[in-house]
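What follows is a pair of complexes built around chain A, which joins chain B in one and chain C in the other.
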Partner chain A sequence: MLVAVLAPLLLGFAVLAPNRIVPPRGIAVGDVHVWGFLAPAALAALAAAMLPGRMAAIACGVALCGLLGGLDDVAGRLTASLSAARLGPAAGSWIACGALLLAARLALGRAGTGAAGRAAAAAGFVVAIAAMLALGLLGDLGLVREATARGPELRAALAGHLELVAAALLPALAAGAAAGAFAFTMRRIGGAVMGLLAALQVIPAMALFALLIEPLAALGRAVPLLREAGLRGIGAAPAVIGVFLYLLLPIAAATRAALGAAPAAAVDAARGLGFAPGQVLRRVRLPLGAPVFLGGLRTATVQAVGLVTLGALVGAGGFGVLMFQGLGQFAPDLILLGALPVAALALVLDAALRAVEDGLAQ
Partner chain B sequence: MIRFEGVRKSFGGATALAGLDLVVPEGAFAVLLGGSGAGKSTALRMINRLIDPDAGRVLLRGRDVAAEAAPALRRRIGYVIQGIGLFPHWTVARNIGAVPRLLGWDEKRIAARVDELLTLLRLDPAAYRDRMPAQLSGGQAQRIGVARALAADPDILLMDEPFGALDAVTRQALQQEMARLHAATGKTILLVTHDVEEALSLATRLAVMADGRLLQEGAPRDLLDAPADPRVRDLLDGGAIGMRRLSLVTAASLAGPTGEAPAALPHIPAAATGRDALEAMLAARAEAVVLLDAAGAPAGLVALRDLLRA
Partner chain C sequence: MRLAPLLPAALFLAALLALPLAGPTFGALFPDVAEPLYRRESFIALTLSHAWLVLASLVPAAVTGIGLGVAATRPGAREMRVIADALVGFAQAVPPVAIIAIAVPVVGFGVTPSLIALVCYATLPVLRATTGALATVPTDVLDAARGSGMTPRQMLFQVELPLAAPPILAGLRVAAVLAVATAAVGAVAGASCLGTPIIAGLVNGNPAWVVQGAVLTGLMAFAVDGLLGALVRPVSASSP
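On to the complex of A and B.
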């Protein structure tokens, strides 16, 4: 907790960039007097070290909100008249954010909070940040200014990202499950199929996308109908096909493992008692394998959310567009605007599928 | 009646059955005894078509089992295995009701049958029907396995090393349970085991197998007294042939009149075996035991020398 208090003091509190050309300069805690937020935040952070489990987690949340509020306060005072200026956290404040989140998670663990409790804590934190946004307490932060300026772009990126994930994941689910079922029934040939899918994973994502561009372009040229349907060398097609190929392995492997998850004795007993092959599958293998399959689906989904980001490099949409724009323009806030939603999306989908798994396990 | 006619089976290059001819009479408690690789499990699993023969045929009441679709055939045959194989995602009641449900019984009839079977296997229906398999001990789980096999009232019960994974005490309790069930229901039971004691204590008909062939078949006592093959003798003898013979006869069959027996003699139930009688004498350092009938009245006297008639 001392880390959360000392880091902003010693390693820099905020960075101010008047515009994208001038190099940013650091702002120390004492440079601007914004104790209204920071003093309570520091107190809450120190208190968290002494409070028991759940109270400590809440104190961490309060400290984090205070830190962000303090940053916004500074931003408001320093950049009010400069619309191109962006103020963001400096290294010390980033470390403090990380330390507070980590401490909150550890405190919840100490208190023995279950998955539902952790979800409630996360939701509470999101609500608190949303409330601060709604009250205009965060409106001057560089990231928030960037987001406000690019509202439509963000919404398009979210829609595009989800579309790309769905376009790759749903066909991969069908093809991967079929490949996994094939590998389960025909063990010898199936092993070769799994080996092929595993070999695909070795090709770096960028190389695979690039490799797909030329054949797809040629195909588009040869069959104009496909070209009109949106199949081109550049755009969504190589990204979707590339991600689809990557997802086949986790889904096929999970399907194969799921089909084999039922205890051998239970399967033998089911057959011996007179279950027809379809009944063995539906009543024994599938229900007992469902958690294994869902675990694989969760891996594949999170992988898809991450991989689709790279699709921006071959002209597909999604949050990758914002990230790579940010990288190109040396605009850290823009990079974060692409990266944070991707991380949040992955976490949310992961938590949702995990909740389904837990529901099945009971 | 189960009849094997010249049944052969090999897996890859390994011969499991090299021409098996065997008849299991209706209502018998038949035990297939042999070491590992003798082919006894393969033979058992051919009756419900989990394995099909390469040559020869298996007849059930005169009808080739291959003439019927395997699932329908299996629903008429009870099946109990060493691994028990309860469905871990179903309650005890749903496990027991599996075959009746396949046969399309209505729920009420299934529920009544489940309670009837739990009672038959000496488990309290109210306490056990809603449990999950993970909440059962090994012995309880195998009782449920037997109940599940009996659910649709099959005429034949196949048991593949059913008690092999249980501890000695539980195993003995379940063996007694099976002997009682056989006597009470008159079902034909075919049990596979490599345990000589288990085979001798349960079998009304004993078949000894080795290397995919039948060595000898008959009443257990006949096999003990007149082994047809040195391998049968070696297997059944085990350095305890006298004790085994004693354990195959009831003490009552060796008894003479009670007469004026000294009061100090030990007492055992009349249904006990000759071996129990010997044990009681040795334990009490007495030369005779008094048998008591079900009402507790003296029903005969077994002296040490009477045991020689076993």
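On to the complex of A and C.
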């Protein structure tokens, strides 16, 4: 906790860039007077070290909100008249944010909170940040200014990202489940299929996407109908097909494990009761295997969100576009605008599916 | 040792040596491209810097991964295990390319952002394998070791780690393959590696360069996977 308090003091509090060309300059805590936000934040951070479990997590959240509020206050005062100026956290403040989030997670772990409780805590934090945004308490931060300026782009990126994830995940769900079921029934050939899917995982995503471009372009040239349907070399197609291929293994492996999850005794008992094979599958194997399958679905979903980001390199949409634009223009806020939503999206989907899993397992 | 695991490595070497001579072939395959062969840096130099990136991250990753894994499985280190769980959970959700991109504003372009992401992502499989493997050491073995008067340190080095070695090595293999892939992505942040021709090709609309970089990157991943697989198996066969 001391880290969270000391880091902004020692390693820099904020960074101010008057515009994109002038190199940014650091701002120390002592240069500006925002104790109205920072003093309570520091107190909350220190209190978190002493309070028990859940209270500590809340204190961490309060401290984080205070830190962000303080940054915004500075931003409001220093950049009010400059529309191109961007103020963001410096290394010290970033470390403090990370330390506070980790401390909150630790406090919840210490209190023995389950997946649903953690999801609720995360939702509470998101609501708090949203409330601060709505009240205009964060509006002057560089990241928020950039987001406001690029509202439509951001919405398009979110829609594009989700579309690409769905376009890869849904077919992979069908094909992967079929492959898994096949591997479960036909052990020997199935093993070879799984080996092939595992070998696909070894190919680096960037290489696979890149290698898919040319065959798809050739296919598009050869079949004009496909070309009209949007199949060109560069674009969404190589990314979607590539991600689809990567997702097959987690889904197929989870399906195979799920079908085998029912204890042999339970299957025998059902057969003894006179269940037909279809009934055994529907009433014994599927219910008992559902949590295992959901685990695979969760892995696949989180992977898809991350892999789609890389798809922007080969011309697919999504948050990766903003991220690579930011890298190209050396615009830190733009990079974060692409990277943070990807991380948030993955964490949210992970937490949600984990909560469903816990619910099913009980 | 069987020869099959060496096949990808041999293929990779063959491709590496043959590519500089394949200019006319690529010229015929991609007639629209003015410069069909990537010549800004030799493929061997790119491979060496790629391999350096992987090795430079794998060593610290192995040390931290095994160290954290051992610390997290010691009795009374529940705190450490929660930290390890939280880190693994977080890093699984955030793609490596995001870490590289976020690191660029902080440390600048070049090799450093890739190294940061590489160390983070190579640590995780090792950490997970270590905690998992140490947790599966049978309790009666541990009791027997304790009963024969071993100190906790002796137990760790003479009983637990040797028994847990095969899964840990398997984790290292996963980490190495992941590192090859992540290092390739490092090209977007300006690291010189086998991903560089891919990025240069995409930026300049040169599909031949894209194919050259992608083929070498893919073969390198298979080569590393095969070589480490060959190393891992004899160990698991000889361990008690």
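Going forward, the second predicted complex is superposed on the first by the 358 of 362 C-alpha atoms of A that agree within 3 Å, B and C clash if a C-alpha of one lies under 4 Å from a C-alpha of the other, contacts with A are read in each partner's own complex, and residues count from 1 in each chain.
Note that a contact is a pair of C-beta atoms (placed from the backbone, for glycine too) under 8 Å apart; a residue touches a chain by one contact, two chains touch by 3 or more.
Since the structure is predicted, the reported quantities are computational estimates derived from the model, not experimental observations.
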Kindly classify A:279 by the partners it touches after superposition: chain B alone (first), chain C alone (second), both, or neither?
first
After superposition on the shared chain, which partner residues are touched by A:170: those of chain B (first), chain C (second), both, or neither?
neither
Output check: A:110 vs chain B and chain C. Expected answer is one of first, second, both, neither. What do you get?
second
So, A:350: does it touch chain B (first), chain C (second), both, or neither?
second
Quick check for you: in the superposed arrangement, does A:269 touch first (chain B), second (chain C), both or neither?
first
In the superposed model, which partner reaches more residues of chain A, chain B or chain C?
C
Counting only touches as set out at the top, which of chain B and chain C does A:326 meet: first, second, both, neither?
second
Check the residue A:208 against both partner chains and state whether it touches chain B (first), chain C (second), both, or neither.
second
Should A:288 be classified as contacting the first partner (chain B), the second (chain C), both, or neither?
first
Under the touch definition given earlier, write down the residues of chain B that touch chain A in their complex.
45, 48, 50, 70-75, 79, 81-89, 98-99, 102, 145, 148-149, 158
Within the complex, chain B is touched by chain A residues 263-276, 279, 283-284, 287-288
Give the list of chain C residues in touch with chain A in this complex.
79, 82-83, 85-86, 89-90, 92-98, 101-102, 104-106, 109, 177, 180-181, 184-185, 187-189, 195, 198-199, 201-202, 207, 210-211, 213-215, 217-218, 221-222, 225
Name, in rising order, each residue of chain A that touches chain C in their complex.
91, 94, 102, 105-106, 109-110, 199, 202-208, 210-211, 213-214, 217, 233, 302, 305-307, 309-310, 313-314, 320, 323-324, 326-327, 330, 332, 335-336, 338-339, 342-343, 346-347, 350
